[in-house]
Each structure stands twice: as structure tokens, then as C-alpha cells.
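Note sheet for the following structure.
Each chain carries a letter (A, B, C and D) given by its place in the written order, and its residues are counted from 1.
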Amino acid sequence: MAYMEKISLTTKFEGMHDVTKQVQEVVKKSGIQEGICVINCNHTTAGIIITSFWDKRGHVDFQEELDKLIPLRYDYHHNFDTPTDAAGHIKSAICGTGLTLIVHEGRAMLGSSQGVLFCEFDGPRARQFFVKVISD
Amino acid sequence: MVYTKEYKISTGRDSMQNISAEICKTVEDSGIRNGIVVVETVDSTAGIFKSVSGSPEALDDIVREMRRIVPARINFYQQESPENGAGHIKNCLFGSSVSMILKDGKLLCEGREDVYFAEYDGPRESSFCVCVAGE
Amino acid sequence: MNRNDYDDSLLRQARRMEEYVNIVYQNVLPQVKNLPVKEIWDVQKIFISGCGDSWLAGIAAKPAFESITGIETNAVRAIEFSRFLSNKNLGYSPNTPLVILISYSGTASRVIECARRASKYGANTIAITNNPDSPLAKECRYLIHVGLPADGEYQPGLTTYNASMLALFMIALRIGRVRNTISPLVYDDMNKELLNFVTECQKKNEEFEERAFAIATKWKDLKAEDFIGDYGDYATAFFGSAKVIEAFGGYTTYDDSEDWCHINFFLAEPERIGRVVVTNKSTPSFGRVLESINAIKIIGSPCMIISDGQKEEFPERMEVFTTPTPKYFWMNPLVQHIPFDMVAGYIAAIKGVPSFRKDDERYSSDLSKSRLKNGTEIVII
Amino acid sequence: MDHKDYTSSLLEQIRNSVKDIHTIAENETFEFFEKCVPPEVVKGGGNVFITGCGDSYCAAIATKPIFENADTSTKTGMVPGTPTKAYRNIEFSRYHNTYSGWNPLTLDRNMLCVVSISGSPARPNEAAIRINEHGGTSVAFTANPNGKLAGNCKYVVPMTLPDYDLAPNVTSYYSSVFSLMMYGFYMSSIKKQLTPEQAQKCRDGLLEYVDSYDEAVMDRLSKQAFDLAKRWEEDGVDNMDFVGDGPDYATAFFGSAKMVEAFGGLTTNDDSEDWCHINYFIKDSDHIGTFIIANEDSPAFSREMETIKVMCSIRKHVAVITDAEESLFPENATVIRVPKAKALWMHPLMEHIPLDFVAGYIGCWRGRRPFRNSEEPWCQDKDAARFRNSKIEII
């Protein structure tokens, strides 16, 4: 048995959006007690990661360190779009655009300070991602 | 006795121009045998430094390494242009003047090292000054 | 008839053209620097829009934008942008497209509609206006205030047209400089060249005025004026026809060099229609325009040519106004409309017709005054 | 003399326009297009450019919304399509991407639809050769399948053209607008933006709209145009002003071209906003006739209503071509009602008929040979040298 749902959100520039609640809601709505939950987004300049959700300033550190690793320089070879788009592709590839969580007792198993975050790497945009819950 | 001379120079993008010839000529014109030679540029997006002579590949490495250390980012706070922003930073990191010892009419580094004029912000008209002091 | 007995607002503005260009240049230079580097790098497509002369300034600046910045630029009519443009062009990624909206007074309701539609899609908007606290300035994210002195005489719009086009050139230069499509060397040279080109043309204006009066005396009884120009010069041609209508309400048509041969070539009584051709040696369609000029010679219309080419390159019996050749071709539209503005000014003065039909009370009714300002505004989603 | 007693080649073309469109429609089915331009080529067409000289440029403006996304900006029931641009021929051949350079990533996705009935003028061939050299695909819409243009293009759509002797051409406009519209639906259905049923529904809707111009309507339009033309001739109207927005601007442009071809009348064309800025100030407002096309479901209808009020306050001769009620418009405007179309993009195919009738009647009265090729001084331009053998330059 499987249940899937699309979640859309509008992001902010270099935004880190905590989507843990929405994911848990989908798992609850699916009614599946034991199984796995796959989270996937089909964008090339966005990422989905697990990190601590407690301190929002930690998310700013994440984006700043990523910016140091992959600077918004203008002379990327991929200059069909904008530099933020070119850097966004690399950041998205590094962070990954999908997650798999274990569903146990009707909830996605996450640590006490783990949160699912949707990271935006190319400016404010309308974004969407998919959550599919599959029973054992 | 002090002798100074100003030189105009037109540069290209990411150009590293060898200016040792001008410096030696200034030393000869000055007639000074012993002392020190200072080469300086007042252009805020250019740099002067001494480096190995006779190997263009080394210069390419220097240019590429400079770009890796100081990428021309579009989110600098100064709003002139990315190249201009990176140029200022490179200028202050890698220095914009060199001083050399002049002994018996010859520079110590002659034949082993050359002085280069590096341009960090696109082709433009620039200038540098050579000052020979001593007797 | 003596030239000194006749004067007109267009002539007075033409004489002070250089002075106004310098004023606007000094005002706009610092403001253009406020456009942040990141948002300039986010631009992938540019739209320029406005009503009447402002739209023409957009067409005239298109060659400048394309050659300096290399970004796809579209000069779109105000109603086309606000009501018909497909919204796939708007807001497909942050800060793009860049929408530059021009309105001297900043109150034209269609241009405000464009600003609202653009900002609804998150597109970056720049307003070019002379009224910093106008509704347009408030709707747009960035403002370029051209800063023309308040007491000047700007109707019919010769100075305002130059001011908007100069502001567009400076935005293009700023974008080119930031995106490194032009080197700092070329950037400084272009800025310097923009001002000496205008001073050079101002020197020739004295001679142009002399010959413009001669043409005005011959052309004042003609049935109509027909204008020809391609691409950037199409704006100069259209602007000339707009001045004819504003200055003395005459009949005009305008077209590009190809379609002219298909349509306006057949206008009746060609000997009573004055043709004005705007073309330059540097433009790719110069060869084609020469062929159209030959067709004009065949049907025997009086013809006036504004170009950077010499008299010998055109068939004889043509009035050729040779404007100085600029170092950068895209500067031509800034000055090439002046010769015909003088002719229009002199014809209006000789005919004694006030501009904008001020003597006709129908044109001062409140319906006439509100026709541009408070129309119903709809924002198409 | 009644309006029926006048005949000329132009009037004849207008009177059997419905019949001609049906003959064109029979040959130009979707299978016909499949044979001319194979589906995988059409699927690769990312950017569409439509260009042509004179009337063909009007057809380009008229059919642009069909290729592009017409549904969200106008109430037309279409789905998003491909980015499309209508170009003047000289602008595409010499200026498109000349200064900014071609984008190397999209070279093979550019598709040029170049429209030229005879295929012989130099500029359309120049445009075709240029897009071929820049790696794009060129599709010729021509009535002369073995003419020069057909030779220069990779794919040819042979348009059927009922023949009439030399006259200002209305049938060529029908056939180019109809072919471009069908090609737009064919492309959208191949690219899965429209289901084949939707494409067929659009086609049938269009033919239904064409049939709404039945005998009674055509007779009424002809009579109204005749009375208008007669009144304007008596008042000495020798200059005309055409106003239209979006797709209706194509009708305005086409109408002004017909007046010039039919009797050399002096015309300008503009949109409803810029008219208030520029043409509003034409001085001799008693000897200038103004046509404005204002359809009810056009997004610019509110602006057109305001402009009509301003027009009627200034000018004596104002004619409104609309599918809305007469009562909406001021008294001194002559309202010519055209049948209502289900979608805005259908209008340009037929709404120019009243303008053509006016051109036809004035042409008869002024007794001018159309195109004046044989009259002094036009005849010295041997075999229309000005566009048939103009020099071709590829940039």
C-alpha cells in the first residue's frame, strides 16, 4: 500500500524552510504504521537535508559555509542562466534532493533534534516536493 | 640622490606583464650604483610582485590560484563590479609595491627573478612608478 | 522670408540640447550606481515600455542594450505589455525580466499598470521619470530621476526624449560594466564619447538650422510627410512623425525600408509628399535603404536624408544632413532626430499653428485632460 | 447606384471570402501539415519567429497569440504554447541578434515561419537563408511551391490561393492567416499542449466563426461600408487613422495597407493607448476618418472604450468595428457590428472585411488602377526592381 502527496511552498532568498511538520502530516494521513517514507524534489537549484531544527541561526551558518565552498562567482562555465543558478546547481548536487525515512508506529523516525529542511539556492521561487509513504 | 620615473602601461584581462626591462633602464638612467629601488603602483586594482622569471606556466598558476583564493563574487558589498571588488582584495593581499637592493649598478634579482605588473580588473590604462635612491 | 522672424519651442530646445544632456548625465550617473550588482546579474531578459515618445526611446535604445549588454531586449508598447504580453515572459526566476518603464510625468495610467503587473510577478522594475514622487516612482523598485530643471520648456518632447534615451544608455552601460561584457577601458571611453558626440553635434546645429528653414519654406504646403527608418532609426522616423503631429498637426506616415516599398510606395500624389529617410553607413540595412531612396527618386518625391554618410553617397537632388559619425554606432538616435525637429519647428512657426492645438478649446476640455491619467486599470494575472 | 452594382477584383475577393476559406480549409487539414513538416521537426521548434513583408507581417502579428500563450492573458481557452515573436522582415534579416549575438545553446531550436505568397521578393529569401546558416529550421508559407522561397527553405507549406486578377490581395491574407493558425494548432497538438480533440475543436470553432459571416451579414456589412464610404467621400475625407490592440492591431495594420493599395490613401495605424498620445493632435480633424477595432472580450476593451469617447469628442468621422452592442458607444460614432467570435484569436481572420469593403468602394470611385504599376511615375520602376531583385546580404 502506498500514499503520495505533493507539497508546494514559496521560498525566500537563501531560505531554509522547516518542512518536518508537513512530512509527518502526510505520514499520518497515509495511515501506514510500518514502512518507509521517500521525500523527493524535482528542482536542480534546491536541496532537502536533515539537520537540527532548534536554532534558526544554525541554518544561516549552513548557507554561509556553503557559500564559502561554492562562491557566487560570475565566471562559472555554465553561464546560460545567472551565477546564482550556476552555484545553485552545484549546491543542490552536493546537498542532494531526496531523503528516505523509516516509518515506525505511524510516524517518520527522526531524532529529537532532527528536522527535514528544504533549502533554496536560487532566490525566491515557487517550489514543490513530493512525499511518498510505502508500507512494508 | 633620488631618481624617480613614471611609466604608463596598458594592460589586458588577467595580464601579467614583465616590467624588469623598464626598471633596469631607470637604474641605468639614474646613474646610481648602490642603494635601493622601489617600484609602486597607485592603481587600486593592480599589483606588483617579484616572481620566477622565464616560465609563463608559473604565471598562469599564479593567476588561477589568485582567482581561487579571491573569486570575483557577485555578492560583494561594494557595488562597482565583481572584477573590481576582487581586484581591490587581491591588490591589498598580494601587494602593490616591491623594493629591491641595488649593488654595484646591478639589481640582486637580475637574471633570477622578474618584477611583474598584474592587472586584476579587465583591460585598462594604468601606471607605475620606479624610484631609485642611493649614490 | 527671414529666418530670424520665426522661432518655436522645438528650435529653442534644440539649441539647448547639449546643456540639457549634460544636466541629465550628471543627475543620472550616481543613481545608476544604485542598481545592485547581484540584481544586475540576475537579469536574463529586458523589457522597455512607455507611451508615445517614451516607447520610441525604448526602440532607439535597443541597439545600445543589445550591443553593450548582449541581453535580449524588447521595446514593447505600454498596452501590449500590460494587457497582451503572455505571462510566461514574466517572473520565471528572481529579478528577471528587468522591466524599465519610462514616463516623463510618471502619471500615465497604462505605464503604472505595467509596473503593477511586473511587480506582481517579482520582476525587477526601474522607473525613469522627472517626477520622483509620482505614482510610477512609487510602484517601481528603483527610480532614475532625470532631474530636468522645473522651469524649462519641454513641450513638444524633444528634451524629454533625449533625457529618457540617455538614461537608458547609462543603464545599459552600467549593466555592461557589471557583467564584464565591456571592459573598464571601453566603459570609460563610451562615457566620454557620449558627451563629446553631443558637443560635436551641437556645433553643427547652427548650419542645420539654416538649411532646415530652407526646407521648411518649401515643405510647408506639402500634403504629408512620410518617414523611413530601420530598427533603431525606426524610432527616429516615428519620432519625426510624432513631432509633425504635435507641432502643427500635419498628416504623416512612417515605415521601415522594406515595407515602405510594399505599401507607402503607392501613396497617391507622391510629388506632394515629403519623404524623410534616416539611415547610417554602419547599419546592416544601409544597402537596402539606398534602394528605397532610388525608388523615391523615381517617383519624384521631395526627399530629406539624415545620415552619417556624405552627400555624394546619395542620389542628387536630395537634401542630405550629415551628422558627425560617432565612435559607437548606437549613439546616433540621440541626435539624428534634431534636423527634422527643426524643420517641424519652422513649419509650425511659419504656419502660425500652436503646438498641441492649444488654440482649439476642444483640446482643453476635462475629457481631454483626463484621457491619459485616470483610466480604469486592470492587472492581468 | 447600389452597393451591389459595384464590382472590382477586390470586392469580388471579399464577397466570396467565406467560400474561399472553406476551399483553403479542405486542403489544409492536420494530415496535410504532417506531410509538409514532419512531427519531430515541429517538436524541436523551441523559439518560433514569424516574418514576412507588408500583409504577411500583419498575418504574423495576428497569429502570434496562437503559437504563444494566449489563454492566461486573454479569455480564449488556449493553453501555454511556445515563445513566439512576429518580426518585420528587414528586422529579422538584418538586425535580429546581429548586435547581441546568437545564443549558442538554442541555435537548433529556432524555427522561422516566413510568409510570402509569390516567394520572389528578396527579403523573405534573405531571412530563410539566414536562419538556415544559423542552424535553425526554415518553413516557407508560399502559394508558389517551386518559387525562389520554396527552394531556400528546408520545409514548404504550399498554401492554396484562389486566383483573381491583380488587385489589393485579401485572399492571400486569408490563406496566410488560416495556414499559420492551423500550423499553430498542429504544433501545439504535436507538443502535447493541446490534445488532438482540442486542436480539432479550435479548428471547427474557427470555421464556425467563418460561417457566421453568412449572406445576410456580408450584405449588411457591405451596405454599411458603402454608406460610410459615400458619406466620407462627400465630406472630403482623404486621410485615415486605424486603431487596434493586440491581435486587432493586425487588422488595423492590414486595413491601412489596403487603403494605400486600393486608392493611395494616406493612412497611419496605432494602438488605443498611443493614439491618445500622438494621433489625437492631428489638426484637420474634419477630413480624417478614424477606424477603431474594439472587441468585447479583448483585455484592452476598457481602454478602447475610453479612447472612443475621446475620439468622438474630437473627430467627426469615427467608425467602430466591434462585436459589442451599439448602445455602448457615443452617438456620432458609426458602429459596424461584426459577428461575435468564441475566442479573441479568431477575430483577425474575418474582422477586416468592413475595412476591405470601404477600400474597394473608394477604389472604384477614384477610378485608380490598383497598385498603379502602369501609371506614371510608378511604371519607371522596371519589374518592381525595388523588391524583386533587391541585393541579398546575409549577416
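Brief remarks on what is shown
As a convention for this text, a contact is a pair of C-beta atoms (placed from the backbone, for glycine too) under 8 Å apart; a residue touches a chain by one contact, two chains touch by 3 or more.
The model shown is predicted, which means the values in this text are computed figures rather than measured ones.
Considering every other chain in turn, the ones in contact with both chain A and chain C prove to be B. Relative to the whole-protein C-alpha centroid, the nearest chain centroid is that of C.
Looking at A-B and C-D, the interface holding more C-beta pairs in contact is that of C-D.
Remark: chain B and chain C have CA centroids separated by 47 Å (rounded to whole angstrom). With centres set at the average Cα position, the gap from chain C to chain D is 27 Å. Averaging C-alpha coordinates per chain places the centre of chain B 65 Å away from that of chain D. Annotation for chain A: residues 72, 74, 83-84 touch two or more other chains. Shown for chain D are the residues in touch with two or more other chains, of which there are none. Residue positions of chain C touching 2 or more other chains: 38, 41, 180.
Taken chain by chain, the contacts fit none of the simple shapes, being neither an open path, a ring, a star, nor a full set of pairwise contacts.
Chain pairs that touch one another, listed by label: A-B, A-C, B-C, C-D. Interface residues of chain C facing chain A in the complex, by the touch rule stated above, are 38, 41-44, 93-96, 122, 179-180.
The part of chain B that touches chain C in the complex is made up of residues 10, 13, 74-76, 79-85, 121-125. Of all residues in chain D, only 53-54, 57, 65, 68-70, 72-74, 80, 83, 88-91, 94-95, 97-101, 123, 239, 245-246, 257, 260-261, 263-268, 271-274, 276-284, 288, 299-300, 302-303, 306-307, 309-310, 313-314, 368, 371-372, 377-378, 380-381, 385-387, 390-391, 393, 395 touch chain C in the complex they form. Considering their complex, residues 67, 71-75, 82 of chain B touch chain A.
The touching residues of chain A, when paired with chain C in their complex, are 13, 72, 74, 81-85, 122-125.
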